[in-house]
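Before we start, here is the structure in question, set down as structure tokens.
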Amino acid sequence: MRVRAAVAGASGYAGGELLRLLLAHPEVEIGALTGNSNAGQRLGALQPHLQPLADRVLEPTTAEVLAGHDVVFLALPHGQSAAVAERLGPDVLVVDMGADFRLKDAGDWEKFYGSPHAGTWPYGLPELPGARAALAGAKRIAVPGCYPTAVSLALFPAYAADLVEPEAVIVAASGTSGAGKAAKPHLLGSEVMGSMSPYGVGGGHRHTPEIVQNLSAAAGAPVGVSFTPTLAPMPRGILATCSAKAKEGVTAESVRDAYAKAFADEPFVRLLPEGQWPATASVYGSNAVQIQVAYDETAGRVIAIGAIDNLTKGTAGGALQSMNIALGLDEATGLTTIGVAP
Amino acid sequence: MRVRAAVAGASGYAGGELLRLLLAHPEVEIGALTGNSNAGQRLGALQPHLQPLADRVLEPTTAEVLAGHDVVFLALPHGQSAAVAERLGPDVLVVDMGADFRLKDAGDWEKFYGSPHAGTWPYGLPELPGARAALAGAKRIAVPGCYPTAVSLALFPAYAADLVEPEAVIVAASGTSGAGKAAKPHLLGSEVMGSMSPYGVGGGHRHTPEIVQNLSAAAGAPVGVSFTPTLAPMPRGILATCSAKAKEGVTAESVRDAYAKAFADEPFVRLLPEGQWPATASVYGSNAVQIQVAYDETAGRVIAIGAIDNLTKGTAGGALQSMNIALGLDEATGLTTIGVAP
Amino acid sequence: MRVRAAVAGASGYAGGELLRLLLAHPEVEIGALTGNSNAGQRLGALQPHLQPLADRVLEPTTAEVLAGHDVVFLALPHGQSAAVAERLGPDVLVVDMGADFRLKDAGDWEKFYGSPHAGTWPYGLPELPGARAALAGAKRIAVPGCYPTAVSLALFPAYAADLVEPEAVIVAASGTSGAGKAAKPHLLGSEVMGSMSPYGVGGGHRHTPEIVQNLSAAAGAPVGVSFTPTLAPMPRGILATCSAKAKEGVTAESVRDAYAKAFADEPFVRLLPEGQWPATASVYGSNAVQIQVAYDETAGRVIAIGAIDNLTKGTAGGALQSMNIALGLDEATGLTTIGVAP
Amino acid sequence: MRVRAAVAGASGYAGGELLRLLLAHPEVEIGALTGNSNAGQRLGALQPHLQPLADRVLEPTTAEVLAGHDVVFLALPHGQSAAVAERLGPDVLVVDMGADFRLKDAGDWEKFYGSPHAGTWPYGLPELPGARAALAGAKRIAVPGCYPTAVSLALFPAYAADLVEPEAVIVAASGTSGAGKAAKPHLLGSEVMGSMSPYGVGGGHRHTPEIVQNLSAAAGAPVGVSFTPTLAPMPRGILATCSAKAKEGVTAESVRDAYAKAFADEPFVRLLPEGQWPATASVYGSNAVQIQVAYDETAGRVIAIGAIDNLTKGTAGGALQSMNIALGLDEATGLTTIGVAP
């Protein structure tokens, strides 16, 4: 199979990471690359690490430019995907790396994004129960948010196995690339190096309803979530520390068994050996997920910690993994579980 | 008043930070500086940032060397302070920056530190209810751990005002200096830059019982704690994200009022204006504590976040603040709330 | 003496650092604080590390606001100082932290800054030969650039003692705060963390003529300079690696002697013991300069390396040091040689 | 072709990087992995980023364990390769990532490494004139040092085209992984984050004679080198800033032409478009080399700057590239020019 893929939004971090991965994907040929304010510029000036594409020039993001591809990836600002997608034919696989089609609840969408709800597409987190079936043959895919990817993978086995109460407390640290490439003073290197800081505290982060949606689906009942994201002084990576009160009768063994079963056949998720904990450095640049879980008997809580690369498994790698499934390719094609460390 | 101070353990990070602050303290004259494996070396080779002390030579840590001072600071490995302290006279103010005399419960000590309990000294966290009275005139002071300092300050007002349930969930990120200066592979720059990782998960960290002790005292009843420390890619700073389930009737206003009252007269703690969140960079090198609190109505939790410099307010600055109280000096002498940023 | 000082440009990095130091200066009272686009904002929102000034509100940068102070510090974009300064009376001490009055050669100014030359003020690098005399009693001071500070201090003794040929090669690494607080994509944390990159290569950096001016003055003859600045992944600090071909007869001893003499009485410069090399971490947040020099017999070159904090000795600390001299205060008042490390 | 490869020294940074690349090499099967102090340990505990090899156990580094492979990579401490290599048969391709067989001059070896010279093997920097011919079919390969790789590629075209005087001045910044994985206090994260510092100043660094050897070969005459390495606060990457006095008649065009010709057919080296400068982030994790060159007419010097990943092109990638040539494979097999950024 030879797949011709276009990337709308090729100058940003998500688009750049996707191109990095597409270049290594044996079945993909890279077609049109588009940008808006950067249209007309050489990619080498915008993404100097993508040496083989240095002389490619960005085109404007229009339906004409994006036409004639098998797959179109949308790495656009939130709220802009629907207008582009509806002009692409129903036979084109459209993979939206923005938030537009992730949420099922229109009210949640409107509350957190402030615009009309565009709809819901098959959700590109294959490891969740039932997700692969929805993705197989799909022509539209909503790629999950980076935090929801890390958090949902760390916690869904506990909810799916009915081990914990429906109130999760999550504190996650993200590298700065999660905040995008738009220049804002608080994202300057001078500000972020040497500093940890929270944001969107108290349920205000847009990824909160997406996490609630995933965990509630796993639990088969509403799960409440306290989610605090923090900005960490590193370019990439998410470390999600998640916990919930254990239900009666839960033991360290039952917790470990549930996680071992949940991830037994997963190509990208590794439940670490007991005593070893995830580090974001170990998954740097890879599609791997490292998970560890513990039962704190004194506090009566199950603590699950997951590490991903926010740009790879958390965005572009997850997008490719779902594309592989939708196209009937081996799910791991063009993806790696090998991190770049140290 | 002119105070002559000795520092045992002057080659490590805690000792170095203490010297940095002592050099700026108008009432202190720096006396003996001791080390063990580093005795005989110039301080300039070990602490090149302490330019005025570059030509001082470390002496061995013995009672003879430490005799004849008004104050002796102990920055020794855990378990070594008692033997040194008992050879110093009862009129000398001994400030222990190690853990030896922090815990009241001998069983906790033995479980977490694996040696016989040495006793309990007045606890050097002046902001806690009743702490200043115990410190005034004291001749022995136990300086709190860095995590307990950040966490206790962030959460005690919620417990003292009976706003939250007695089960706290804490995830804290610390700079690497909190792990000390002993060279271990996982603390190499190559390993920590670009990486977030947890450790001591599931209640295993030694600071857990100290946090429990402080919060329980504030609540007047046992408080359970789920504490997950993480290592962040920065040299200094702790960001503690703490939460607990709100009790019935709690409102955003009642939460804010409780915190405003708790810190109204505190010289070092600043409850930030609503909407502004702490960042470790803002307190870098200072004794300041920045706190923010929110009530997440959807999740039903109070979230309190505190930022400190682990070496300053979290160790050496806290030690000096308590020394000032013990000696009857103005509590803020030689200390600053001004961080070094960016 | 009680000195009332205004700061124009209080929201940027230079202004913020100056305020940090002024707060600790025993003879200074902080008067008006101004900004342009930030006028009307609380300083606590812009400089959250300056806790004692958190509730101060920025005023617009006008002659009226700046009137009535003993000292006015200008931390404005290049080219804006002259217009402000000429509206301040001749009895006011005006300290310009911009470039406007540094260069003696109008042609150099116009070539590198592209606007008419405003003039030349006494140059605020007290350690250079003759500088203190020019600063004593001055009412106008041009604060040197951060790179010229580091480079000139590292190299002038070699030129003053006629040890090296008049062609210097300089490669310097700077922390990102040297590039200021304006948000530009290449200064994002995501871009700078993990990356070293050069800029202004081939003589294009605006600090080149200032370095030439200083070294030529020390040599008493024109000195050519090859200067390559690089951006390093750290918030602060400059490490300047400078070398020049040794003249005939030069020995390791004659080099060391020249440097030892040059800095013998300097309160802020420390020539390190042989074998110890400067590190920017050692001078973090301080006005200290650490210098080491070596004679590479095989290559026939003298190599001098200097480390400073670009915001302190390189900008705001240097400004205060010169202010002290101009006002007849002890030169070291309110300044420290103690770095914040680790 | 199917090549079975063993790696001696699989627990260090060079060995880990090599395994990361070997896992992606389509013609290589990974055989024995050995360590010394770490023999018996799971690789997953030592190199947690190499997820596919997590359950492999390190064996001791003996001739028996290393026997029966087509290729043996030696990532051993300097001075240990000869003893291992001589017990491996002449038909085995031995690729030494240590320094033992790089230098041609026995006196240089003894002066800088303090042990008897083991000999000289074909030098694994294919881009140097004549190097590929020496590598084709070779059974022994000496992989260059990381600094010599960056510096030689940046400067050899200027010497090969006789553009510059035979005195080069080089200042290079390296990420901390270049210093290895052995835990030393000055390499702690607390020490290196936020700090730039030089070392081996004045010609003392072991890579100096190797640089001299390469540049002199390119020039066809002895080239003197002043080399100052600096440690930068990043895990990976080398930025080498190199310059030399231009010979009479040199122009910007002649310089650019020489570099364009030198790298025209090189698969891994990219001479950047004019005005764009290398950044280590752009080559992170890749075998790419980014080069820019300028002629500073005022200073009369040619300035060439190169960026590599010290562990990839600077060590393990360079080793694989040379292995490919020796085995008659396409030189780029298993290697990429795509960096991981941001």
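Per-chain residue numbering starts at 1, and chain names A, B, C and D are given in the order in which the chains are listed.
Please note the rule applied: a residue touches a chain if its C-beta (ideal position, glycine included) is under 8 Å from a C-beta of that chain, and two chains touch if they have at least 3 such contacts.
By chain, with names taken from UniProt: A, B, C, D = N-acetyl-gamma-glutamyl-phosphate reductase.
Because the structure is a prediction, the values reported are computed rather than measured.
Between the chain pairs B-C and C-D, more C-beta pairs are in contact across C-D. Repeating the A-D interface with over half of its contact pairs identical by residue number, the matching pair from B-D, B-C or A-C is B-C. Separation between the centroids of chain A and chain C, computed from CA atoms only, is 45 Å. Taking each chain's centre as the average of its CA atoms, chain C and chain D sit 37 Å apart. For chain A, the set of residues that touch two or more other chains comprises 13, 175, 177, 181, 188, 190-191, 193-194, 233-236, 279, 281-282, 284, 342.
Listed in rising order, the residues of chain D touching chain C in the complex are 167, 169, 171, 173, 175, 188, 190-191, 193-199, 201-203, 224-226, 228, 230, 232-237, 239, 241, 243, 245, 277-282, 284, 292, 294-301, 303, 305, 307, 342.
Of all residues in chain D, those touching chain A in their complex are 13, 16, 20, 23-24, 42, 44-45, 47-52, 54, 177, 181, 193-194, 235-236, 270, 272-273, 276, 279, 281-286, 288, 290, 336-342. Listed in rising order, the residues of chain A touching chain C in the complex are 13, 175-177, 179, 181, 183-185, 187-194, 233-235.
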